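Okay, so chain A shows up in both of these, paired with chain B first and chain C after.
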Partner chain A sequence: MTEMDSAMILAGVVAGAAPIVLAAIGETITEKSGLINLSLDGSILLSAMAAFVVSYKTQSLAAGFAAGAMTGAAVAAIIAVFSIYLKLSQVAVGFVLALMTRDLAYFLGNPYSRIHGPQVTPLPVPYLSDIPFIGPVLFQHNITVYGSLLAIGLSGWYVYHTSYGLKLRSVGENPVASYARGIHPHGVQMIHAIIGGLLVGLAGAVFSLSAKPGWGRPQGAEGTGWIALALVIFGGWNPVKAAAGAYLFALLQVMGIYFQGWFPSIPAQVFQTAPFPLMIFILVLMYASQQESVRILAQNRPWLKSILRFFSAAAPTALGKSFHQQ
Partner chain B sequence: MAGKALHPVTCPLSPYFMRIELHDIHKYYGVSRANYGISLTIEPGTIHGILGENGAGKSTLMKIMAGIIRKSRGTILINGQPADYCSPEQAMKLGLGMLYQDPLDFPSLTVLDNFILGQTSTVRIRKQAFQCRLNRLSEQLGFSLNPDAPVKSLTIGERQQLELIRLLAIGVDVLILDEPTTGISDLQKDVLFNALKALAAEGKSVILVSHKLEDVENLCSRVTVLRHGMLSGNMTRPFSTEALLKMIFGTPPLPPLLSPIPPGYPILVMDTVSTIGGRCGLRNCSTQIREGEIVGLAGLEGSGQEQFLRLAAGMKKPTQGAIMLNGIRIDGRNHYAFKDKGVVFMPTARLEEGLIPGLSIAEHIALQNNRKGFGLQWSESLQKAEQQINWFHIKGTPNSPVETLSGGNQQRLLLSLLPETPRLLLLENPTRGLDVESTHWIWEQLQRHRLRQAGIVFSSTELDEILMIAHRILVFFDGRLTMDVDTKQTNIHELGRAIAGKH
Partner chain C sequence: MNIISLTHKRLLTAVVDWSITLICIGAFTTLILLATGAPPVSTYYHIFMGAFGSWVKFGHSVKAWIPLTLCACGLLYTFKIGLWNIGIEGQMIMGAVFATGILKWGVGSENEILFLWLSFPAGLVGGALWAVVSGFLKTKCGVNEIFAGLGLNFMAQGLILWLIFGHWKQPGIASMSGTETFPQTLWLPQAFAVNVPPTGIMLTILALCITAYILRFTRIGLNLTAIGNNATASVLFGLHPDRYMLLAMSLAGGLSGLAGCIQVVAVYHRLIPSISSGYGYLALLVVMLAGFRAGMTAIISLFFACLNVGSIQLPMVLQLDSSLSGVIQGAMVLVTLGVHAWRKRRAAS
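For the complex of A and B:
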């Protein structure tokens, strides 16, 4: 493989992962507050549809992105209100909404199927895009890809280096203790459900306006929501690690195409589905890293220790439990 | 300074001067009443004790004062002004802060993050400044806390110290401490009590909730006793233990009488057993437990006792060494193999490891029923539950979910679920958080099993309890079994030294 080839593969990975990165970061932020937005798969589709239709009608990409983000935020707000204030099961509401929003997207989007609409154009960054290798990998994309890169840095900074991020983590960990310290757990959860929903909605908009432009059934975004949910776990509820997981997933998918060329005797389906068993394998690794017998094994093996440290992460303690004030 | 008497300290010149009066406080949960018409006054610059049995309403009253529970009726006056607050945030602004029985903190976050939380609202956190403040305060009070350690690696005592410092940093003038001496070592208790005395001398008010008479008598200048959710009486120093006991219990309970019987054949033998986990694991532990013997495990929390109990119960596998049960080697097998041989383990965390929240008493009994078959024998289970409730004096009905029972009643239920003839009972802090009466009752019940030649091993943070009940005492320090001695051949001072590692 030449340098050109590998630069092209990596550029494809960075571009292809952009919506997954946004969705995984959004869901991580929501789950950090203790809420689970299980509607991701449907909400991405509904936002993709809304973004495409609005940008088609208004001929404005900005309006399209705004519509996508608002749609994601609205679905997230429904789940948050139902679980925080009406004390319903987040999992049940989220799951029902996942199915409902998907069908709603197909139903409402049907008149706009298979038509040509506005689409984001590439915008190479001046000077930076001329750097050999790094230029084509990172700086010859459109604005949505730059946005996904920016989101990684911003989310990591927000969650781990600001007082708001600290409050967010505290609520996901122990909402009663947060309340005792003058933090309002319900408010924090509500806000972060909406922020997470905005990012999920943007992910949908990125699909229909850039990554897989247009609307149809299937759109091509199907299944991404479930992957993003798995990536949150893969990343150990750390938005930066979740984004890294998104790139790994995209790399596996892109490599599948190449492997197909190199090993023509193996059926193409093997490479297409390979990322999914691999995700499960990584979850097994994460589980193993929590086991005492594995820790004993790692005691005198520094390399194993560092792998375990990467994979050892715990969910926010109060994830999925609702907080009631007495 | 657990043994030294303290005189009331007042400092009228202090800038913080908070006099709190509670008037006719009521709190109802549905029909049951947790507080019923309680009035009391907390003078500034004093340490005020609140005594009472489990379920007397102490914690509820304190949580009302801290704003985390809303009162049903009544008024709170601060310096004569009615203060109508209903959240911890507002209570803290007024200067009231509470240290909860189970520290309300964030185990997965670092000490510094725990300290900062609730104190800052700027976007960027000035970590440096907070770290200085944390170090300065902990130095002043004689604590040593590593700001970068995760809180889950700390002992309960250290977590309390962190909370105490945090409350002081946000400028609390009235400190409420709910059972602060449960689960901490004597050394940590001394450090804590010295800090409290210093704070009271500065003019802050300290409210100490406890069911340990000794602590309250040593530290407080005034005591209020609650009983069945009502005010039972007040007393100022000097205290009369007799009178206090009468206020707490009505009639003073008798200590349990345990007649020693000669121990029989060994049930459990451990030969140079090691394991990892917990704070320091367990290394090279060799001992045996005989029939009809009660063995007490002493040591600071996390010194190896919990590993010992879990190894003996088959919940953990040793990394080296051999465990024999009834003369047969059993290490490497799982908990069920141990259970088949009559080993019973009762962990500290009743609701997490011992009982199943959400299921009722009758359902627990039905689960216990070994008879095979698909259908549940409901009438039988209900009948048995009724019988056990009467026999074990559990306050509840067959259909009460276990999480609605009080700590003492949960422990009674666990006892009622024990098999009829266990060989070896492993009890982790069996009387933790229980009042004197419940403690005695539990030991009387356990006595029954011992008379049937069962071996009993228990851990406790109360040296007095171990000395009173155990035939033999094992002391753990830093993951090692450092002392194995007959109770008759030792005393509290020797044990105290061994626990602190000065052997």
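For the complex of A and C:
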């Protein structure tokens, strides 16, 4: 493999992962506040459909991205309202919405299937794109990919280095104590459900306007939502790590194409299931790292200790529980 | 006097709730239809006629009702103990895979009927095994059953594709249309001209009755409820939540595996990539809408099955996507949950 080839592969990974990065970051931010948005798989499709149809009708990409983001936010807001104000199970509402928004997307988008619409054009960054290797990998994409790269930095900074991020994390860990400190847990959850939903909606828009342009049944974004939900766990509820997981996943997908060359009898879809056993394995490791017996075992084994430290992330304590505010 | 007015009030509440629910769903669906420029009345008429227009069409609905009800039946156990068995889809797929394995073995043998009957326990075991994997991950490895189930669903889907394109491919060319169709001797006998398997209907009704009996009248049902309500307290009471979780999971997996088996022997007569038709996921909605009651589950399954079958012809007659049924089903569950929660909130304040 020459340097040119590996640069091309990595560029494909960076571009292909863009929507998954956005979705995983959005979901991480929502879950940090203690809410689970399980509807991801459907809301990505619905936003993709909305973005495509609006940008087709108005011939404006900006309007398409706005429509996608608003759709994602609206679905997230429904879950938040049902959970916060009606005390319904977030998992139940999210799951129903995951199925329903997917069907709604297919139904409403049916007249717009397989037609040519606007799509984002590449925009190489001047000067930076001429850097050997790094240029083609990072700086010869379109604006959505730069946006996904920017989102990684911004989300990490927001969650861990701002006072809003601190409030967000405290509500996710202990809403009662946060309330006592003068934070409004329901408000914080509502806002972050919507922010997360906006990012998820943007992920859908990136699919239908850039990564897999157009609309149809199937669109090509199916299953991404579940993968994004898995990546949140993979990243241990850290948006930057979740994004790293998205790149690993995209790399697996690209490698799948190569593997298929080696095993032509195995269809590509089989390789696409690879992240799921990996996710289960990582969940098991995370659980094991919290066990006393494993910790004792690791005391004299530095290599095991470092592995455990890597996987020692835990979910926000109040994740999925509803808080009764007086 | 007091009692009469009390029952009167409860009846009124129920009527008001149902009216609100139906108006919301009707308004929502009609709005969506108007948004796509489809004629609402004609659409509803075609869905109705698609499901009830003839005996053959109703037969299709019954054929969809069988796997849906079996899966929903299984989910009653897991919901009772407080588990979200999203993995039911994969369990159904594994049931179909195991059943196909047995049938493939039986092709061309002297007593094929034996293999046909053996496919039922095989499907049961396949589904139960896949469910137990999920159960062990939950009880021994601390993996949330939702994510374990989702992961296992996708793995089962990968396995089915690998089999269809690999060992079990059709002679000549492997394709998405599935494995080779089984000879008619390995088809489940169908009744009348409507193509409905009586064995399947009887098995489903039996499963429903047994489930309702176990959950309501036996110690197992009581213990499942106790653990579902408060797992910590149940330990103090001498129960083992882990064992009951594995039991509930394997019962759910077994029943959905049976559903997968029936999809192979009575509907498709081969293994296809979409063998589960999404009935596992749909069954989760059925049980939620039925309020976790066995009797209601059967009725709502039939209604959902009719909606699914009725909307199949929408693309042909009205150029609409058949996913309309899914939209209506989702809206029904959401609105019902919402109205119920709103009523509880009002009662509390």
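By definition in this document, the second predicted complex is superposed on the first by the 315 of 326 C-alpha atoms of A that agree within 3 Å, B and C clash if a C-alpha of one lies under 4 Å from a C-alpha of the other, contacts with A are read in each partner's own complex, and residues count from 1 in each chain.
In this text, a contact is a pair of C-beta atoms (placed from the backbone, for glycine too) under 8 Å apart; a residue touches a chain by one contact, two chains touch by 3 or more.
Everything numeric in this text was worked out from a predicted model, so none of it was measured.
**Q** According to the stated criteria, A:N174 is in contact with first (chain B), second (chain C), both, or neither; which is it?
**A** In the superposed model, A:N174 contacts chain B only, not chain C.
**Q** Check the residue A:W226 against both partner chains and state whether it touches chain B (first), chain C (second), both, or neither.
**A** second
**Q** Using the touch definition from the top, say if A:I183 reaches chain B (first), chain C (second), both or neither.
**A** first
**Q** Looking at A:I296, would you say it contacts chain B, chain C, both, or neither? Reply first, second, both or neither.
**A** So A:I296 only meets chain B here.
**Q** With both structures superposed, pick whichever of chain B and chain C touches the larger number of chain A residues.
**A** Of chain B and chain C, more residues of chain A lie in contact with C.
**Q** Could you tell me if A:Y258 is touching chain B, chain C, both of them or neither one (first, second, both, neither)?
**A** Neither partner.
**Q** Under the stated touch criterion, which partner chain does A:A314 make contact with: chain B (first), chain C (second), both, or neither?
**A** Only chain B is touched by A:A314; chain C is not.
**Q** Counting only touches as set out at the top, which of chain B and chain C does A:R102 meet: first, second, both, neither?
**A** second
**Q** Quick one: which bits of chain C touch chain A in the complex? Just the residue numbers, please.
**A** Those in contact with chain A are residues 32, 35-37, 84, 86, 137, 141-144, 146-148, 150-152, 154-155, 157-158, 161-162, 165-166, 174, 281-282, 284-285, 288, 319-321, 323-327, 329-331, 333-334, 337-338, 341-342, 344-345.
**Q** Under the definition above, what is the set of chain A residues touching chain B in their complex?
**A** Residue list for chain A touching chain B: 161-164, 166-167, 169-170, 173-174, 176-183, 292, 295-296, 299, 314, 317, 326.
**Q** Over in the complex, which chain A residues touch chain C? Could you list them?
**A** Touch residues, chain A against chain C: 38, 82, 85-88, 91-93, 95-97, 99-104, 106-111, 217, 223, 226, 229-230, 233, 265-267, 269-270, 272-273, 276-277, 279-280, 283-284, 286-288, 290.
**Q** Which residues of chain B touch chain A in the complex?
**A** Going by the criterion above, the answer is residues 63, 66, 68-70, 87-89, 92, 98, 100, 104-109, 113, 116-118, 120-125, 276-277, 316, 319.
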